[in-house]
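Consider the two complexes below, in which chain A is the common component and chain B and chain C are the respective partners.
Here is the complex of A and B:
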């Protein structure tokens, strides 16, 4: 815990220093990078210790706050969520050392770094907090710091609007959390997490209400549909390094909170799992569909965050269903898959946002249809971005595959071995997850090909060059992690099991192994206690994946070598892509992002409601024609805007009471007092 | 004797409700002030100490003579002699006052206040004064009527303070009286300015200032 406190203190000191160094951008950037890297080293060490089976660490300090206590606790669940916080924090700080100066006005640079460190520190506290009040305070700090960064990300109306939307959404969510923690505190006697475990014994109705409060409150931060509306606005508006941190890590604090509270609540009712499963399916499928229809690279990635949060919710939902139905194997695999996807999504989505930031820095636009041909100009960015695309599409040998595989595995077990409801859930999950995976692959085929392949569609794209070394280093490190996590998966199962074991249903009671009857009524054989017993089933396929990956790598290497061999000594020509034999091709004849995705967008038109603005050629002579399409957020337009408009109109009627007549105001007071007096003395 | 004074205070309140002339309002709030001052002195006559005596005397002088003396010139300067178009007229106010009296008497039986050796009329009379003051503020439009309404409310509070506590802290009582004095001073100035700026002192017109 000392190391973690040191990391925390260092990050806070960084926040103060960055503010002080605001007028010296270079010094500020390097100081911040140093702080980020050292804090990550300090912080990751104890996390690794706890994940490797070390003891739970705690920290208590008096706090002059009523009902609150300055209590921190590092158990396997916290440690697991801290890993991406520190990893991505360090790498985005490294990336930002050269990037942030592009994205933020010079006068705001110190402030932006300061908010960045504050965001890091508050996220660390959110994950470590062992007290409801401390948790909420840190939670609010996270919101404020990241909202400041969203607003600082640009100097225009859109950023302020995005920041405002984000702040309002977050505060609405926090309102639910406040009620949640107050209820938990009332029922268990204090706001300390240590006592919240008693909530498992509460009546079912109350537990259900607490669960729903947690889903809405934490889901707003995590981006569950339809509470996701702030995400596609805030992520594109923030500086890319912050988008990476927000999308990769910050929205996961919502998942952390949800998991933590669900673990407190003990044995889940069946409808909890169904709720999460439903949310996961809707978020996953609609998230990827909306992503498909976007033209803005970062907006596209933001919708993919909604999709991946959906996948995580699918895993967690399956886990809860398994627990509820008394199928620990399904439960362990579902929970482990969902949790592992948290880490994986942090890594590849961080990578993708950093890649998008590199593209943005070089070409100056997030518009997909003004990019093109960047792979030749930015090989590092392009290569690492490709790794990110493959990972997020859930393709082996990268990490996205591993976590989705665990979820699939759990779902298969549910179908094969479970009772009927579990079978239905498993089937739904398999179908939904396949659809999500396929659409995600289509979407990233679009994103990667339009941005990096073909020929440049704008002068800025043609003039682009590779980004600076720190940015490349950060992206390369994340790309490497995408591969490493997948390869290390067979060995990481034990750590993952420790995280799942935080749930009381799996908590090993003392012994680390239990005896089960051997095959054919043989002697008892020892097997690991807790969830590892079930997760260990995945070890064999994981090992197969590792070997398959090596095989695949050898195959790709072989094909490349063969191609090089065949091309050796020949002249290699270059021409525009997709010229279709036309004599005077231009880059504008290439497929654009919209045309690439058009068949799918058309298919899902009832959901997406893409608006097309066509000015076609309808006379005899050639005239100027134009086409534009726009896919707004369905839920923002059709649900939240009417809702808040209605609330506003309803409240507007109340202004009749505030009529400016002094006599009326005194009358209100009189009536209130008289009613209170008579009511009190009745 | 105490009860007689209290009943007279109640009657003076009804008189305040039933008039629409500003001059008369000011006169009667003065009469009420004299009654209260007498009540303060008489109620504690047995335990009369220097500080109680000072409080009673100051109250009598301030409420009975100084306030009317301050307010009357204002009424003359701003040329307002009557409530022309109140929200609730004298007749309606008086009827509402009767209702308020019944409610106060009922509340008085429910509300038990320590210091029970005082007259049982103190609590209902206090509540009635407060209600009357609020009724004046709510139903009248001229700023001067509302000042009188406020003074009537304060008189109710004073009645309770004197009537129920033998040893009400001297500082509190004298402090409140001082506050009242300053408040009335400020109002006289404020109303003159109001008249100078808008050429009327109708508080209902203030809503035009709303942005």
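Here is the complex of A and C:
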């Protein structure tokens, strides 16, 4: 814990120092990078210890806050979520040492770095907090720091609007969390997490209410559909390194909170699992569909965060269903798959946002249809971005496949062995996950090829060059991690098992005490302790997949070598792309992102409701033809905007009372006093 | 072990023959003699002897695509049983691995096509990804429905135990699943009614238009990978459709080879008697394939 406190202190010191060094951008940037890297080294060490089986570390200190306690606790679950926080924090800081100056106005640079460190520190505290009040305070700090960064990301109205939407959405979510923690505190006697475990014995109805509060409160942060509306606005607006941090790890604090609370609540009811499964399917499928229809690279990535949060929810939902149905193998695989996807998504989504930032820095636009041919101009960015694309599409041999495989494996077991409801859940999950996978592959085939392949569609894209070394290093490290996580998967099962074992149903000591029926509770389902023996079933497949990956590399390498051998000494010519004999092909004839996505966008038009603005060639003297399409967020437009508009209109009626006439106010005071007086005399 | 070596060897050697049979069947229907059965081999051999021409727009992505296609298909063969003949390797969940490997090959082929910057190849790439996104759930779903029958999670485990008794007991399920898988087979291998591999109009093609710019050895790899994919999906269908499980390697093998040849003839007949669907109708076909597999699952 000392190491972690040192990391925390260093990060907070970094926040103060960055503010002081604001006028000296270079010093500020290097100081911040140093702080990020050292804090990560300090912080990852104890996390690795706990994940490798070390003892749970705790820290207590008195706090002047009433009801609160400065209590931190590092168990396997916290350690698992801290790993991506520190990892991505360090790499985005490294990336930012040259990038942030592009993205933020010079006068705000110190402030931006300060907010960055504050965001890091608050996320660390959120994951470590062992006290409800401390958790909420850190949670708020996370929101404020990241909202500041969203607003600092640009000087226009769009950024302020995005920041405002983000702040209001987050605070609505926090409202639910406040109620959640107050209820938990009332029922268990204190706001200390240590006592929250007693919530497992609460009546079913109350536990269900707590679960729903957690889903809404934490789901707003995580980006569960339809609570995601802030996400596609805020993530693109922030500077890319912050987008990477927000999308990669900040929204995962929502998942962390949800998992933590669900673990407190013990034996889950079947409908909890169904709720998460439903949310996962809707978020996953609609998230990827909306992503497919976007033209803005960072907005596309933001919608993919919704999709991946959906995949995580699918895993967690399957886990809860498995627990509820007394199928520990399904439960362990589902939970482990969902949790592993948290780490994987942090790595590849971080990588993709950093890549998008590099593209933005070089071409000055996020518009997909103004890019092209960047792979030749930015080989490092392009190569690493491709690794990110393959990983996020869940394709072997990268890390996205490994976590999706665990979820598939759990679902297959559910289909095979489970009782009927579990079979149906497994089937839904398999169909959903494969559809999501196919659509995600389509979307990233579009994103990668429109940005990096073909020829440049704008002068800026043609003039682009490779980004600076720190940015390349950060991206290369993340790309390497995408591969390494997949190759290390067989060895990682034990660590994952320790994380899953935090759930009382798997905890070694609590094996036979969980799920004891109170009055009106479901049937007693004994769950044997320890998730490793269930997860171990995935060890053989994982090992086979790793060997398969090596073999694949050898096979492809062999074919490439054979082709080189064949072509040696033969004529290898260069020419233009074949275009049906047309003599003057231009870059504008290439397929654009919109054209690539058109078949699927058309097929799913009922959901996407893409608006096309066509100005065709007509009349005797036709003017320039134009085509534009736009896919707004269905839920923002059809649900939240009318809802808040209605609330606003309703509250607007009250303005009749607040009319600015002082005499009227005096009258209100008098009436109130009279009412109170009468009430008092009664 | 000796029997386990046979399926991949046979696939590597015999895959292009299936295409020869399809072409021959179509020629017979059209009243022509048609090219020799071994023509696909001659084509591949000819292409391997040629030089290469690359577009100046392309990068290493374009050069990686064809090699990755062959590599992936060859790797998939290791997990593929042929009826009663076991696969060289199998593990629980290998069906997911194989389906995702095929998706990897498709992704790399698509970005190789997009690398040329040609609008034609863009069209093919876009359609390929759109239809694959719908075909993939149907394929996985069909295999899972069979897996529930046999209670095993590997390709070998779900295909080898299917015997006459299974067909007698769950014939309707297997038939529906087979129908769904067959539609996926046609779509994934770019056959009529989804795609016409022999059309001469780029605007209507899917797979063929994606590989317009490949030539020489690269095109040989593309053709060979396509043949292997035809074999892989065909072997899955034949393995489920023909419950010949005598234990005699020769008989089982002969049955499967005959089954694959029969499948190729069936494809030839379909290509001779049906027309290609309009592109906007293809998704309906694939959703139909998914529904068939689901129906098969439900009536268990």
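Keep in mind that, in the parts below, the second predicted complex is superposed on the first by the 612 of 682 C-alpha atoms of A that agree within 3 Å, B and C clash if a C-alpha of one lies under 4 Å from a C-alpha of the other, contacts with A are read in each partner's own complex, and residues count from 1 in each chain.
Heads up, the rule we're going with is that a contact is a pair of C-beta atoms (placed from the backbone, for glycine too) under 8 Å apart; a residue touches a chain by one contact, two chains touch by 3 or more.
Quick caveat: nothing in here was measured; it's all calculated off a predicted structure.
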item	value
Touching partner for A:87 - first (chain B), second (chain C), both, neither	neither
Partner chain(s) touched by A:129 [first = chain B, second = chain C, both, neither]	neither
Touching partner for A:336 - first (chain B), second (chain C), both, neither	neither
A:661 touches, of chain B and chain C: first, second, both or neither?	first
Partner chain in contact with A:262 - chain B first, chain C second, else both or neither	neither
Partner chain in contact with A:670 - chain B first, chain C second, else both or neither	first
Chain touching more of chain A, residue-wise (chain B, chain C)	C
Which of chain B and chain C A:437 touches, first, second, both or neither	second
Chain A - residues contacting chain C, complex	372-373, 375-376, 386, 390, 393-396, 401, 405, 408-409, 412-413, 415-416, 423, 427, 430-431, 434-435, 437-439, 441-442, 444-446, 448-450, 453-455, 537-538, 540-541, 544-545, 548, 551-552, 555-556, 558-560, 563, 566-567, 570-580, 585, 587, 589-591, 595-600, 602-603
Residues of chain B that touch chain A when the two form their complex	87, 103, 107, 110-111, 131, 134, 137-141, 146, 203-204, 206-210
Complex interface listing, chain C residues touching chain A	48, 50-59, 61, 63-64, 67-68, 70-72, 74-75, 78, 89, 91-94, 96-97, 99-101, 103-104, 106-107, 110-111, 114-123, 125-127, 129-137, 140-141, 144, 147-148, 151, 153, 202, 212-213, 216-218, 221, 279-280, 283, 290, 297
Touch list for chain A against partner chain B, complex	659-664, 666-667, 670, 674, 677-678, 681-682
